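Paired with subunit B in one complex and with subunit C in the other, subunit A is shared by the two complexes that follow.
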Partner chain A sequence: MMALLASGPGLAAAIVVLLALAVWSVRKLAALDEQSALGRFGTPVVFGAWIVVFWQILTEAFDVPQVLLPAPSLVWHSLVANGGVLLGDFVQTVVHSALIGWTTGCALGFATGVLIDRSAFLQRGLLPVAALASTVPLVGIAPIMVMWFGFDWHSKAAVVVVMTFFPMLVNTLAGLAESGHMERDLMRSYGASYWRTLVALRIPVALPFVFNALKVNSTLAMIGAIVAEFFGSPVSGLGFRISTEAARLNMGLVWAAIVVAALAGSLLYALLGWVERRATFWHPSFRAAAG
Partner chain B sequence: MAAAAIEASRAPARSAIGETWHRAGPVLAVLGVVLVAWYLAAIGLNAAQVIERELEPGWAWQDLVRHTLSMDRPVLPAPHQIALDLYDSIFGWPLDSPRNLLFHTWVTSSATLLGFVMGTALGALLAVLIVHSRTLDRGLFPWIIASQTVPVLAIAPIVIVILGSMGMTGVFPKAVISMYLCFFPVTVALVKGLRSPGVIELELLHTYAASRGDTFWKLRVPASLPFLFPSLRIGIAAGLVGAIVGELPTGAQAGLGARLLTGSYYGNTVQIWSALVMAALLGLALTGGVSLAERLLTPGGRR
Partner chain C sequence: MRKTTTTLVFTMLLAGGASLAAAADKVTLQLKWLPQAQFAGYYVAQAKGFYKDAGLDVTIKPGGPDIAPAQVLAAKGADVTLDWMPSALAAREAGVPMVNVAQVFNRSGMMLTCKKSSGVNSPKDFKGKTLGVWFGGNEYPFLSWMGTLGYKTSGANPDVKVLKQGFNVDPLLQNQAACISTMIYNEYWQVIDAGVKASDLVTFPYEDQGAATLEDGLYVREPDLKDAAFVAKMAKFVKASLKGWDYALKNQDEAVKIVLAADTSGGSTAKVQKRQLENVATLITNANTPKMGVLDPAAYQRTVKVLLAGGSDPVIKKDPGPAAWTHAVTDKAMAK
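Moving on to the complex of A and B:
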């Protein structure tokens, strides 16, 4: 279709008409009532769809070199054509490096939090250190981990463990401090032991904090796994694919790998959000949303 | 943090020195344990190589300790080796020499700071547009929030390639990466902050017949500052990671990322560790600078 309008005033007019249509449709949707699902979810979807449409039209009309910005159709074709390769990259980066590292790092952070919760001294010693760790570019340990654990996913998972440990530790400690004196005194009057109180009262109360850390860490884990591959990796992995194909100017495949990484990251986040609503249904923030 | 606050309110009043010790003591103890554990780990991890390559048969444990803590390319360098390398690479060369670590630190921090300024400006602009336009609020803002869950740092090699093909090299491409990492948290926090004034405040200004501009500058902007600064700290830390990662695909010419990469190419572990320590110090300095600006600009203190 674009070939027919290839140049001159016809194209310009078509773009102006489409632009007007786009602005009108998004404005109409945005003006809808706050409560309607169409207004809340439809607006961003339609807005995003128009961006893709204009991306496609403009890259074709102005013959943008695919190195600068490949058309969405080209990205889609690479995604389909290289499905097998990208699936291998997905398993390498997301399932192995990110998920195993994330699970280990979060478990270690949570366990450390529960263990040092009884010692005010250790808390005062570790909390400032953990807070400082968030300002430090921890992903820089990747070359060291590659030396220690080799080129395969083990070194990437190790980077992810280090990156996810501190947010989980900080949030677990904050969550365990969240239960009130009334509830704790009640548990004591029942003659509940320390561990019983921990399992029945304090950990459930800490869950919103723990889920917060799980969600923050899911993004950190994806970043850590991908960036660690920039430092050296075997012949698969999303970060490896992005850096090597970018060097070969094969931008369709690069963008396809980014689409896979973006989808994996947001799906993981959405999944955690869903589990969180199931596990902490009693929390005011969800009760308010439901009622 | 909450636990510390509760504890501080319950604890009896202390003298200033006692208060400092109460806070610093546990941290120093933890750091001391880490230091001792580090030396033990260095001995343990380096032992196999030392025994195989450096020690004569019939060595005593003193030889093992001495050799493991002074290897050229250790598996894990001892803290004093890293400190010595830091000292040498900072004071052993002129400031503009590529062998001086401060030169690389400057390369990375200039890209971070430039990107931070651009990202904050872009983030603020977007936030103002979103607050004033229902269309952008409904259409664009959900995408900005969703993009927080996506590893956007993965685009870094593309930015380098695109800007490189347009003839731009050096600081600017890295600053662009820092910029787009900075602007997401700034936009999200500022939209929240600019909307934080309640109906009462807004109506008060209305009764003063304040214009839209006055309401914006005298009410919304000051009210948004407590939201802005935490996001600036996140932004500048993310921007530093972006600048370091941006230095990887360019053939590692200069910067802390380049030092990390060349160190790993040549197996020079001490160089990697000293670059890492420098990156950590730079991260602390940058976020510390933002915290200082926060103290100066929000007299009421942090909320």
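Moving on to the complex of A and C:
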């Protein structure tokens, strides 16, 4: 507070100028054509950069203690100094727990969806049970999974499987019901079997729904993998790092782990979006603006 | 006329009484774990009115898994917190100015409990085994001890595999770890209650391994100690708390009843708490003497030595010196 008072008017003036510059630059970029790369990525990147700049200035000006909110420079130093440790955590949480759990959960959900679609008996019997299973809270199943599968990443992957199973199941069923009567009648007139119709017509039509579930599940997988580590883990993993370093008041490293987790989640989501655009280019949601 | 006057005087007395109660000093105490006999002194002091008699309105906040007392104190969630010396000194290095104002437990109750069937008979056998450790501030004595033994606990090829233990003894029961961290008054008995025979276990009390550090003590923020009114308030609080401890250790059955009443989860039983209080009593050897609650500077130095000796990964990097503790509060409490 003394630092701010000492430089009071000068600091206030500097902040006002920077604020004006920030608003001007972001508006200029936002007005650019959405087709060019600069137009699409420029605005969010510059906006984010300005937030970091103001974060740094305000934490320094108000002498905010690092245990409350560390400055971005401290977070960067922690990220660089602990790069090896964070890479190990990334492998443990994202590559092992989240990705493997996500793949298994989505595959199981999809397969179960196809099976339920085939059999009316399963539809009446299995679907309500699966719906019930989806309501079990994450913090309830995590300790049980640790007891069943041990402390390592296998139990975290099991938690992710449970979390991602139901959204994928529901979306698969909705997608399989999407194909129109005309198209199904056409396949029937060609003498196509159930499985041929499934592969050639119904699954491709279901893809937008499947990708929707894949994207939602990628977020759930990250959350599940990180939170499940709070309940017992070996000494590596992003969730472990965040909880133990927070207790040690090492906030720079906590935020560095958060940055790694956020980047991993965003990249996974962006990758899925890219694959989705290639696989379901025909869907109305991807048509370019008219004119 | 007389009736009106009497009513008026009565109302004034009531109002005066109410304002006197409202003028009681507020103190928030953050405990280190869920309500149990480990904190009997404070619950007894509250139930028997020792805090009220001292003019204090005390709120006791229970701790729990993932509640780090140092973090709560740093965030100003409490005026005084119960913490262990290693966690407090590490917090000091991280920028939280914690100062010890009273040391309640003078012996360490930490113990590594291992199953004989895992092949562990002495600290030499730890190499290559999985050991369960609590975090959230409780890992420091363990890390120090492993450092002095020369074992690496992290990195690509650790000598000892460390497991972040939850608040139960499952890793030992499920054979997921060869050894787990236990307190002699709590988790060790959970293992016995789960059916494991004491003869099947081998224990390593930290006191015997030269790795003991000071445990339950009361800590406040250093800037607060500059305020004389705060120091006076803390002196009253410490005096009443130590009175609570003296009473609890002399009247253990009553103390157990008070602790069970404070445990809103209803998860514990009188048998478990009685056993815990008996074992906690062995850690407070100064009870009902003038030395009760006063930090022994020699014990402080021993703790600092243990923490600095953690090999390549010491818990603290330099000696915090006498700034980390003060006798000002206990001196004032004794003088009253």
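Criterion: the second predicted complex is superposed on the first by the 248 of 291 C-alpha atoms of A that agree within 3 Å, B and C clash if a C-alpha of one lies under 4 Å from a C-alpha of the other, contacts with A are read in each partner's own complex, and residues count from 1 in each chain.
To be clear about the criterion, a contact is a pair of C-beta atoms (placed from the backbone, for glycine too) under 8 Å apart; a residue touches a chain by one contact, two chains touch by 3 or more.
Keep in mind it's a predicted model, so treat the numbers as computed, not measured.
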For this session: Check whether A:10 is in contact with subunit B, with subunit C, with both or with neither, and answer first, second, both or neither.
Result: neither
Seminar exercise, completed: Comparing subunit B and subunit C in the superposed model, the one touching more of subunit A is B
Exercise. If you stack the two complexes on chain A, which partner ends up touching A:143: first (subunit B), second (subunit C), both, or neither?
Worked result: both
Exercise. Of the partners subunit B and subunit C, which touch A:254 in the superposed model: first, second, both, neither?
Worked result: first
For this session: Check the residue A:66 against both partner chains and state whether it touches subunit B (first), subunit C (second), both, or neither.
Result: second
For this session: Could you say whether A:83 touches subunit B, subunit C, both of them, or neither, answering first, second, both or neither?
Result: neither
Exercise. Which partner does A:128 contact after superposing on A: first (subunit B), second (subunit C), both, neither?
Worked result: first
Exercise. Does the superposition put A:234 against subunit B (first), subunit C (second), both, or neither?
Worked result: second
For this session: Would you check which partner chain A:180 touches, where first means subunit B only, second means subunit C only, and both and neither mean what they say?
Result: neither
Problem set entry | On subunit A, positions contacted by subunit B and by subunit C | 65, 67-68, 143, 146-147, 230-232, 243, 246-247, 249
For this session: Could you pull out which subunit A residues touch subunit C in their complex?
Result: 65-68, 85, 88, 143, 146-147, 150-151, 230-235, 240, 243-244, 246-250
For this session: Could you pull out which subunit C residues touch subunit A in their complex?
Result: 66, 68, 70-71, 74-75, 90-91, 94-96, 135-137, 139, 153-154, 156, 161-166, 170-171, 174, 176
Seminar exercise, completed: Touching subunit A in the complex, subunit B uses residues 1-4, 6-7, 22-23, 25-31, 75, 134-135, 137-143, 146, 148-151, 153-158, 160-162, 165-166, 233, 237, 240-241, 244-245, 248-249, 256-257, 260-261, 263-264, 267, 269, 272-273, 275-276, 279-280, 283-284, 286-287
Exercise. Along subunit A, where are the residues that touch subunit B in the complex?
Worked result: 23, 26-27, 29-31, 39-40, 43-44, 46-48, 65, 67-69, 120-129, 132, 134-137, 139-144, 146-148, 173-174, 176-178, 215, 218-219, 222-223, 226-227, 230-232, 238-239, 242-243, 246-247, 249, 251, 254-255, 257-258, 261-262, 265-266, 268-270
